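Following this line, the structures themselves.
Two complexes, one shared chain (chain A), two partners (chain B, chain C).
For the complex of A and B:
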């Protein structure tokens, strides 16, 4: 092909994209906020795919250490893997809130234009950050590196300039949410959500400064990581879950909101001081043993409550709902959150056992199931709600065309993540025994554990299940692009009063 | 079925108030504890030694009364043969920490047990028996950091640290940072770790 032919092809492609985007923006089935939500969901899915890809690369390096050596080293792959995860989850949350904001408040979003601008700014910034991670990777030991390349602090590696951008975007989002509720009506969900977003944005500041003292560094670093993931994010998905139960199953608002308050009390009551379970070994005083151990042992309780609550709701409504894939993922969320965050977290949370399991594959095992179970699942449920509405609020119950696809994707993703979790748990047990208990955490002990056939076997199992997860992810993407297309039947009507009595 | 109002303990307002009080109470307690923790973990405090500790011999021993391992500070043992003032030591350790962050060490290694699990923990790296002898340790660490591939210590795992373009001053600063970090009281983590030079005691 000649250069001109390429040029024409590219122009055609761009024109096609433009046209499709214009058609999407003219979609009469979606409100302004819902269109913005779909923007967020789209980037979230792209980042989810990136997370899977870089997870596979990092996993492969455990088995073949020379794979991509000095091209894309483990530290780069692992950083992109975990950062893509954090960011796609945040995109999913922002999208979910934009999705129900107008419905919940009863008015159009106040300052929607700012929200749209913030989306493009954030997405542009995320793209630049990822390109710098991949192409530049590391810098010299100066402040310039921390400002422009990488802060080198797990999970919040984003360079400082991006941190400031993220705060600005979060403030815009907060303005959209608070001003919209203020103009429309305040519900219980609205109140919890708004206060939770204040905490979410505020806590991020705790990770935005440099100190020489690594104990102090880690102390505040956990304010972002733990208090986000085990407190504000949990409450945020509590709000999202509460709204979706009303919409999907027709649960009464009074019941949902009472449960939401109970969850907030239990979640913050255990999660805020549960922070102490990260303060056992970083130089902090001994009283954190008692406080951290006690409150983190309470942390699974709200998650049990959530399971009881959702199963009761689903049963009381005889599983009658308006969107089967979304309900399936809501159920996956209830169990995944309880198992991954609750059970898997509790297994090694007490100092008595954590002394041996801290910083081993136990953490990786817990992390995989907890993030997926608590957050990926509920975001995916919302992707299905969005797909349904975007196609004209069509039928998404039984006898759906190509219904095998969403089911297969759900099975592969859930089995895949569960398989990785169990494989990593086995690796974690082995590592705790050989490296920690027997060899006392010397480097020789570390490698004795890493080289052990039991460990290597577990890593191979992790890879197999990782591939299964990736196939499930691909299938999910395909299904979301196709599901409901050409469906003529309207969605099932869920009447709250009819089903409760 | 007639609608009955729920008992007080099951009402929305009761749980709303409970949620607010529990959240507020926990947060206030956390803030108070954080003030105390900050006081205790500032450098030069009871748990995190001053940066000039890099002029001393640092080790790690079992404390019978506490039933756990504790860092011990011994006689003079200046790093690279230079005794540094407090300000100089802080500057060096600071450069080391910045380099550790800029080179993204934490996405392979763990520090204080946090980070990734592809490479060993660095919490007590300064004290690891893998360096063979105290006399050659400093130079071996610098050589390793400058050319990790040629000086690879993979213990049969084939996992090699990549060349991270570390300069000689950065390498010395990292060693200083690691030595200082090994002196932090981590409440006995890692357990049962026998430090270099403590094998026969």
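For the complex of A and C:
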């Protein structure tokens, strides 16, 4: 094919994209905020696919260590895998809030143009950061590389220029949310959400200090990571969940708001001091052993509360709902959050056992199930809510055309993640024994554990279940693009009084 | 107070009892809630049996993790908390849904 033919083909693709984008922006079923939300959801799905791809590559490198060596090294694959996960979660959360903001406040989003601009700025920045990660992989860290290439902090590796950009984007998002609620109606959800966004942004600032002492650096770094995932993200998800329960199940506002307040109190109460379980190994005073251990043990209580509450609601509402795929993912969220964060977290949180398990595949096992169960699931539920509305609020219940697709995607994704979690747990158990207990945390011990047949077998199983997850992810993407197309039946009607103030 | 790590022979017991504590706490909460919503006494009895299992797990967990002094007191508070929490949560559930139950007997009543 000649260069000219390539150019013509590229121009044709660009024109097609423009046409499709124009058709989407003219969709009469979506409000301005909802269109912006779909932008966020789209990038979230792209990043989810990237997370799966780079996770597979990193997983393969455990089995074949020379695979893509010095082309796409393990450290880069792992970094892109983790950062894609963090960023797609945030895209999903931002999109979910934009999705319900106008419905909740009763007015159009204030400063929507700024919100749209912030989306493109953020997406452009994420693209550049990922390209830099992929193209500049090796070299010494300097003050310049900190600003332009990689900040070096696990989970928040974005270079400093991107850090500042993220804060600006988050401030724009905060303005959109706070100003819209200020202009429209305030509700309990609005109050909790607005305060939580202040905490979320404030924590991110805490992760931007530059210090050369590794203990001090870890101290501040953990404030961002831990309190994001165990406090502010949980509260954000609580707000999103509260709204979705009203929409999906027709649960009354008074009920969801009361529960939101209780869960927020429990999460902040246990999450902030539970942070101490990450202080075990950075030289803080020993009283943190007890404080961190005790409040970590309290952290599952909000999850237990959700179980009791969900049984009550299931009994009261008999699972009548307007969107089966979304409800299935919300149920997956309730179980996944409890198992991943609660059970897998408490198994190895106390210092008496964390001495052996800290930083092994045990942590990866907990991380996989907790992030998927607590956050990925609720985002996917919102993707289905968006797909339903974008098609004109069509039927998404039983006998849905190609209904097998969303069911198969849900089964493959949940089984795949659970399988990876168990495989990594077995690998972590072997590491704890051989690397830590028998070999005494030496380099020789580290390599003895990495090369042990039990570890390798567990990693092969992780790969098998990783592939299952990837197939599920692909099926999910396909389903989201197709579900509800050509469906004429309107969505099931639930109690409209549920969404009144 | 220095922390004494788990003995290697107790490694499995430590993480397994920790996992069971959370799982049994939830099963206990779920059975308690189900006994209330279904009105069947058998679920209530099963909830108490599970809670007894929870007590044993906390005992094993405290022993293998070398809990003493105020760690033991904290364990006791925890297990009492896990015992009472589902009951308190249920009362809150019932209170927050109170209007709903009331309205269900008055057709056409206004929901908040």
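General remarks:
The definition used in the following text is that the second predicted complex is superposed on the first by the 491 of 501 C-alpha atoms of A that agree within 3 Å, B and C clash if a C-alpha of one lies under 4 Å from a C-alpha of the other, contacts with A are read in each partner's own complex, and residues count from 1 in each chain.
Just so we're on the same page, contacts are C-beta pairs under 8 Å (C-beta built on N, C-alpha and C of every residue); 3 or more make two chains touch, one makes a residue touch a chain.
If you're wondering where the values come from, they're calculated on a predicted model, not measured in any experiment.
Of the two partner chains, chain B is the only one that A:273 touches; chain C does not reach it. Touch criterion met: A:347 reaches chain C, while chain B stays clear of it. Of the two partner chains, neither chain B nor chain C is touched by A:60. In the superposed model, A:433 lies in contact with chain C only, and not with chain B.
The partner of chain A that touches more of its residues, comparing chain B with chain C, is B. By the document's definition of touching, of the two partners only chain C reaches A:297; chain B does not. Once the two complexes are overlaid on the shared chain, A:356 sits against chain B and chain C alike.
Applying the stated contact rule after C-alpha superposition, one finds that A:262 touches each of chain B and chain C.
With both structures placed on the common chain, the touch criterion links A:338 to chain C but leaves chain B unconnected.
With both structures placed on the common chain, the touch criterion links A:305 to chain C but leaves chain B unconnected. Annotation: chain A residues 254, 258, 262, 286, 289, 355-356, 437 touch chain B in one complex and chain C in the other.
Chain contact summary for the complex, chain B toward chain A: residues 1, 10-12, 15-16, 18-19, 22-23, 26-27, 29-30, 33-34, 36-38, 40-43, 47-48, 51, 90, 93-108, 110-121, 123-125, 128-130, 153-160, 162-165, 167, 170, 173, 181, 184-194.
For chain C in complex with chain A, the residues that touch the partner chain are 1-6, 8, 11, 14-15, 18-19, 21-23, 25-26, 29-30, 32-34, 37, 65-66, 70-71, 74, 78, 81-82, 85-86, 89-90, 92-94, 96-97, 99-100, 111-112. On chain A, the positions that touch chain B within their shared complex are 58, 61-62, 65-66, 69-70, 73-76, 78-79, 137-143, 145-146, 149-154, 157, 188, 192, 210, 212-219, 221, 254, 257-258, 261-262, 264-265, 268-269, 272-273, 275, 278-289, 291, 355-356, 358-361, 363-364, 436-437, 440-444, 446-448, 450-451, 501.
Remark: chain A residues 252-255, 258-259, 262, 286, 289-290, 293-294, 297-298, 300-301, 303-305, 307-309, 311-312, 315-316, 338, 342-344, 346-353, 355-357, 432-433, 437, 495, 497-498, 500 touch chain C in the complex.
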